[in-house]
Amino acid sequence: MMLEIQDLHVSYGAIRALKGVSCHVEQGEIVALIGANGAGKTTTLRTISGLIRPQSGAIIYKGQDITKLPPHQIVNLGLSQVPEGRRVFTRMTVLENLEMGAYVRNDKANIKQDIKKVFERFPRLEERKGQLAGTLSGGEQQMLAMGRALMSKPTLMLLDEPSMGLAPMLVQEIFNIIKEINQSGTTILLVEQNAHMALSIANRAYVLETGEVVLSGDAQDLANDPQVKKAYLGE
Amino acid sequence: MLSQQILNGITLGATYALIALGYTMVYGIIQLINFAHGEIYMVGAFVGVLAVTVFQQGLVASLLMAMLTCVILGVSIERIAYRPLRRSTRLAPLISAIGVSIFLQTLMTKLQGPQPVPFPPVITDALYKIGPIEVSKVQILIMVVASLLMAALTFIVKYVKIGKAMRAASEDYDTAALMGINVNRVISFTFAIGSSLAAAGGVLVGIYFNSVSPFMGVTAGLKAFCAAVLGGIGSIPGAMLGGLFLGVAETLGVAGGFDTYKDAIAFSLLIIVLLFRPTGLLGRPIQRKV
Amino acid sequence: MDSIFSMFLNDYYIQVLIMLGIYLIAALGLNIITGVTGQLSFGHAAFLSIGAYTAAILGMKLQVPFILALLGGGLMAALLGVLIGYPTLRLTGDYLGIATLGFGEIVRVVFINIPITGGALGLAGIPRHTTLTLVIILVALTIFAMYRLENSRFGRSLVAIREDEIAAEAMGVNITTTKITAFAIGTFFAGLSGGLYAHLIQYLNPADFGFIKSFEFLTFVVLGGLGSIPGVILGTTVLTLAPEFLRFIADYRMMVYGGLMVFMMIVRPRGLLGGVKLSRILFKKKSQKTGSSVTGGAN
Amino acid sequence: MSKVILEMEEVTIRFGGLTAVDSVSMKIEEGTIRALIGPNGAGKSTIFNLITGIYPPTSGNIRFRGTPINGLKPHLITEMGIARTFQNIRLFGELTVLDNVKIGQHCRTKTGWIGALIRGPRVNREEKEITEASMEALRLMELDHKADELAKNLPYGEQRRLEIARAMASQPKLILLDEPAAGMNPQEKQTLMSMIRKIQDKGLTIFLVEHDMKFVMNLSDRIVVLDYGRKIAAGSPAEIQKNPAVIAAYLGKEVG
Amino acid sequence: GGGGTENKQAEGEKAAADGGDTIKIGFLGAKTGGHAAYGVETLKGMKMAVEDINNAGGILGKKLEIVEEDHGSKLSEGTTVTQKLITRDKVVAIVGDPTTGITKAAAPIAQQNKVVLISAGAVSTGVVEIGDYIFRDVLVDAVGGPAVTKYLKEKLGWQKVVIVTSSNLDYSVGLTKIFEDAIAANGIEVLERVTYSEGDQNFSAQVTKIKDKNPDGIIFTGYYTEGGLFMKEARKQGVTAPMVGGDGLLSDVLMKMGGEAVEGSMVYCGFAADEARAGEKTKKFIEAYKAGNNGALPDMFSAQGYDAVMLLADAMKAANSDDPVKFRDELAKTKDWSGVSGTITFQENREPIKSPVYLLEVKDGKFQIKDTVDVI
């Protein structure tokens, strides 16, 4: 097992965001996490990355308890995240942002190579490579955030709404990319509002509601579940 | 006469620049006006005196001792007084910094008295005549050290990995952490560099002006901070430029008969520059994108 | 009234209380600028000095009645507040702070150099008119005014500017005039406080109004709780009385005071009463869910 | 044909060497829903910024109900009757939901600092009206039950709705919505759509940027397509869906 | 607060009456902050005086006690402290502050409360004018400055000078004014006037400005730290003229800061620890001071602090009362009173006449008496 979350409880002051979430991700899988606004998806990802300390519960990554590790050490274990709302480094250029993505790596030559690959995937970023990331359009920033995460060559990638604000063609492209990197060996935990797309590429999925897992199972099955259809697929 | 005055101004400016570099570094990373910086500079100067008098050290060793002490001091201050406040309002660490600065000032007064002490002669000063201008060895030393430090800093921030990490951390701690950056270490490192610069400044200024006092950090710190802002806070060449600009302007102000308004010159210039370039001479303009 | 006070309190305590009141008025003035509107001012003491000198000179040289002289001091400070505010308030954040600091130092240097203020020799012989009764009344009026300002359409526009200038502008708030109005109000109270100070201390010297004093006011406001009227009152009270209470440790007093500042800030990063609103205390509305953010990025 | 409420004429803006919006012209009729679509970085948000006065155009004219507005300060434009939401949410986080909306009414109310101090009956009346109108706007966006929460504590989708409520409170004639459905699930998008229809029913004109094609196609009367700052197409949803240039640049495939 | 006055007085008398065995004298001065050095010295002198008095049995059958309070060199705190000393500690007299600035701020409070205030250091103008309870036991600049100027012209033959002023220091600005008048009266030419601010460390611009003027001397009206640093820079740039100044320069720190550069600098003041020529009383004082301070010599502030307490004690004895309203009158009558710091007479306006003026010169790193100038 790659990642296992056991009975996670998280609060923001008086607000209880997660009330005992348990789930797991197997090596090589794409696992989708879906749910309404405020269900606790982002909170789950941020807790995994060590940005939020849980009240209780444990996070086991490749057999190691990482619940109490600081975020930078978690990243060093091969676990990277595309955060919600892009969070690019606005006062750094596009190119520098990508370099930051490769911060944990030391293979200079390959880094150059990988930047090229990112530019191939998102030609728009190459056109803008000297521009300050803060002045990019919303979608361009989203591409950059994705590109930056790819630069770290993670073992497990956490994606928080990677398709938000992207043009339809790019949404397609993003999901293709996710599939592709998954095939090349990266395990993926995906949070998406675009449940339709998410379920179509995922192996398994969890449905989160007000801080609790209410449904889980095979992605295909869930996509056909009438309850899910009604609540999350808008059908 | 004028050229001599300009040289006077440049030397004064170089001392401002030395302190301003530290301000700008710390500000650049954690957006904190570290008002205790002037006090670190003051402590550095006293350690320098101590090294020379009590431990009988030469210039280089004293400089290193002062820098090392201040690195420890600066890093501890960050640990104790700023780190717990990292995620609160921007003004909270500012107040904490003022508290630290009051503390250090009174502590130093307690330890060594309110009186200034002279800096013992560690190097034999000599005067060189270049045409109509006279330059002293100490003046040259200050200018050389300031330029070297600036070059070194620029190199670190621009080309060394931790320098880039500093810039990333300065924008967004969480996202920087998500890149694998140890934000605490980066910030400690920033304080270490900033404080060692302040210490070096303290020792050199002590030698040049020949006096060290518990209150020396107050005005010097303020002027240096102005210099940093004038040059564009966060910008390393900006700090240098701002320092020199201020030093020369003040000196020429005195030479031109505005000596009673000397202390207003720096600030008037500052306000005028800010009105035309709201982020200082070399500061990047703020981009508005919504 | 004052004689009643001096039956119960000796003049030392009265002096300390008057001083506290004077600082309260100034701190509440700074609060509307920095706490409510979010505009950093490092030059508050300068406005105090403008009010102090104006009131003193009006009274001594032009025989203006005390209350009118006080008002004159406040208005003069507000006028200069507008004059300096107009060009500088378009600066943001720390740049504004440093510009106001610069302005404060310029004012001090000017006061050292112009003859009417007595220059560096100071202005002596100001009659003592400031009484505890008057200060209590003025503090009450100031609190009342601040409370009303804050809980109004005007007050909301101030907070909007603090929270997001671009959004505030998009809601139709005229940023420039609103900021300047806030600045004028804040500096008016600084000037008023200065006038009271002049007629209490009876001697003015520019050295007394340096940037250190400005930072003192900022400390009152931040440590009390930015934007919170009860917070500012508590912060000012604690920090004004602390040095008096700390007298027993004599020489270590300021050292402890500095340490205390750091300690209090760390223990209550949002200030002693950060987020506490007077209206909520007064009307015991259902308490707000503030849910302090555990994380939340740097920006 | 109804009246034109907003007219753009050859509007251009350059950032350094980059032409973000390149002589774009369009007319929006009163009471309609107009969508602006295009690839990421096409210049859609920039057009919103030009209309609301965040940037002055490098060249060209913008007219609102016949009056030129280019170069005017944002607050004056709001006063004239244009409101907007932001692609990156910009709420007043430390204020309550209700107070956020109250600020929306700033330009429709008068009380200044003097009024606030004296607080006469007129002021009290106005304050009451502000509260009532704000609650009304919150009810419209189904947020009235959260009136006392701090804006920053709302979940994303609700924050987006609050932005719309706040914009509505300024009683605009024209409302600009920048990706209002981003970050919402299909269910929530449905709700939002009906809310936008309700806004239209109140007689407002809506100008909308959105990447969710189902949302756009269902809602808008006419669509303008932008690519690299240029207008590449305009027409009804049906026309746009079939436009090969639009498919190539933006849609990728026909949607429907 | 008009109504409160009677009340206060009543309290004051009560305290004096049943305070019983002690008479309290307040010390107003800095023990921390920029002026701490003066405050500390003043206090030392005061304590020695109190000890001497108490050892001799006290006055009016009571012991003398000092209430010390630190205002940290801050003006507004100075007033609070004054208020506290008077109303809470019920002192009958205050000695201090050693600086003109804070004395001016504290004096109105003492005056209103009818408590005697005697400064042991304020030498500038505008102090005793504040009221009839305000005294000082110093050589005032208005007397010392002109006397020294005359000496410079007549004995040293100075024709042209430059004047250096600390523009934000009340003492310095005041002294400069006195010198300017005296210089004009003596027909000396002022070649250049330059200023600096308190705490400055850099004087290169000012020195460059006077460098080529070739003055006979430099009139320096500021404090010693800056004086030492100024001369250091002057010598570095090749200026050879000596410096002359008032008691602001009187401290060993001058030599510490200036080293070689202040050799030949001159300082005038109302007291110097001149062991060779000192009278019996002064000698005893110097000995006692040295014994208590590891052999260090007393300065003007300690001597004047000592005298201030002695003056008060004598006035109380003469009035046979420790009520300030009464002993104030006796204090004002002081004439040809000889203390450790010299002979003092209070004029009609309470301004002291102290003779002689000591003109000290720095020689071999020490203040040595160059001459004494009589003022009467």
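In order of appearance the chains are A, B, C, D and E, and numbering begins at 1 in each one.
Here is the rule we use: contacts are C-beta pairs under 8 Å (C-beta built on N, C-alpha and C of every residue); 3 or more make two chains touch, one makes a residue touch a chain.
Because the structure is a prediction, the values reported are computed rather than measured.
Participant: Stepping chain to touching chain, what's the minimum from chain D to chain E?
Facilitator: Shortest path length, in steps: 2.
Participant: What's the overlap between the neighbours of chain B and those of chain E?
Facilitator: Intersection of chain B and chain E contact lists gives C.
Participant: Taking each chain's centre as the mean of its Cα atoms, which chain lies farthest from chain A?
Facilitator: Centre of mass proxy via C-alpha means gives E as farthest from chain A.
Participant: Which chain has its C-alpha centroid at the greatest distance from the C-alpha centroid of chain D?
Facilitator: Result for the farthest chain: E.
Participant: Name whichever of B-C and A-B has more C-beta pairs touching across its two chains.
Facilitator: Comparing A-B with B-C, the pair joined by more C-beta contacts is B-C.
Participant: Cα centroid separation between chain A and chain D, in whole Å?
Facilitator: 30
Participant: Could you give the separation in Å between the centres of chain B and chain D, each centre being the mean of its C-alpha atoms?
Facilitator: Roughly 47 Å separates the two chain centres.
Participant: With chain centres defined as C-alpha means, what is the inter-centre distance between chain C and chain E in Å?
Facilitator: Measuring from centre to centre gives 36 Å for this pair.
Participant: As a quick test, compute the distance in whole Å between the mean CA positions of chain C and chain D.
Facilitator: Here chain C and chain D have centroids separated by 40 Å.
Participant: Where in chain C do residues touch at least two different other chains?
Facilitator: 109, 112-113, 166, 251, 254, 289-291, 293, 295, 297
Participant: Could you pull out the residues of chain D that touch at least 2 other chains?
Facilitator: Residues 45, 54, 86-88, 90, 153 of chain D each touch two or more of the other chains.
Participant: Chain A: which residues touch two or more other chains?
Facilitator: 12, 15, 51, 87, 135
Participant: State the interface residues of chain C toward chain D in the complex, per the touch definition above.
Facilitator: Residue list for chain C touching chain D: 145, 148-149, 151-157, 159-160, 163-164, 166-175, 181, 185, 286, 288-291, 293.
Participant: List the residues on chain C that touch chain E in their complex, please.
Facilitator: Per the touch definition, chain C meets chain E at residues 2-3, 5-7, 10-16, 19, 109, 112-113, 119-122, 124-125, 128, 131-132, 197, 200-203, 205-208, 243-244, 247, 250-251, 253-254.
Participant: Which residues, counting only chain B, touch chain A once they are in their complex?
Facilitator: Per the touch definition, chain B meets chain A at residues 161, 164-165, 167-168, 170-172, 174-184, 284, 287, 289.
Participant: With touch defined as at the start, can you tell me which chain D residues reach chain C in the complex?
Facilitator: Residues in contact with chain C: 52, 54, 73-75, 78-79, 83-84, 86, 90-96, 99, 102-104, 106-113, 115-117, 119, 123, 126-127, 130, 148-150, 152-153, 166, 170.
Participant: Residue numbers of chain B touching chain E in their complex, please.
Facilitator: 1, 4-5, 8-9, 11-12, 15, 106, 109-110, 113-118, 125, 127, 134, 136, 205, 209-211, 213, 215-216, 218-220, 250-252, 254-255, 259-260, 262-263
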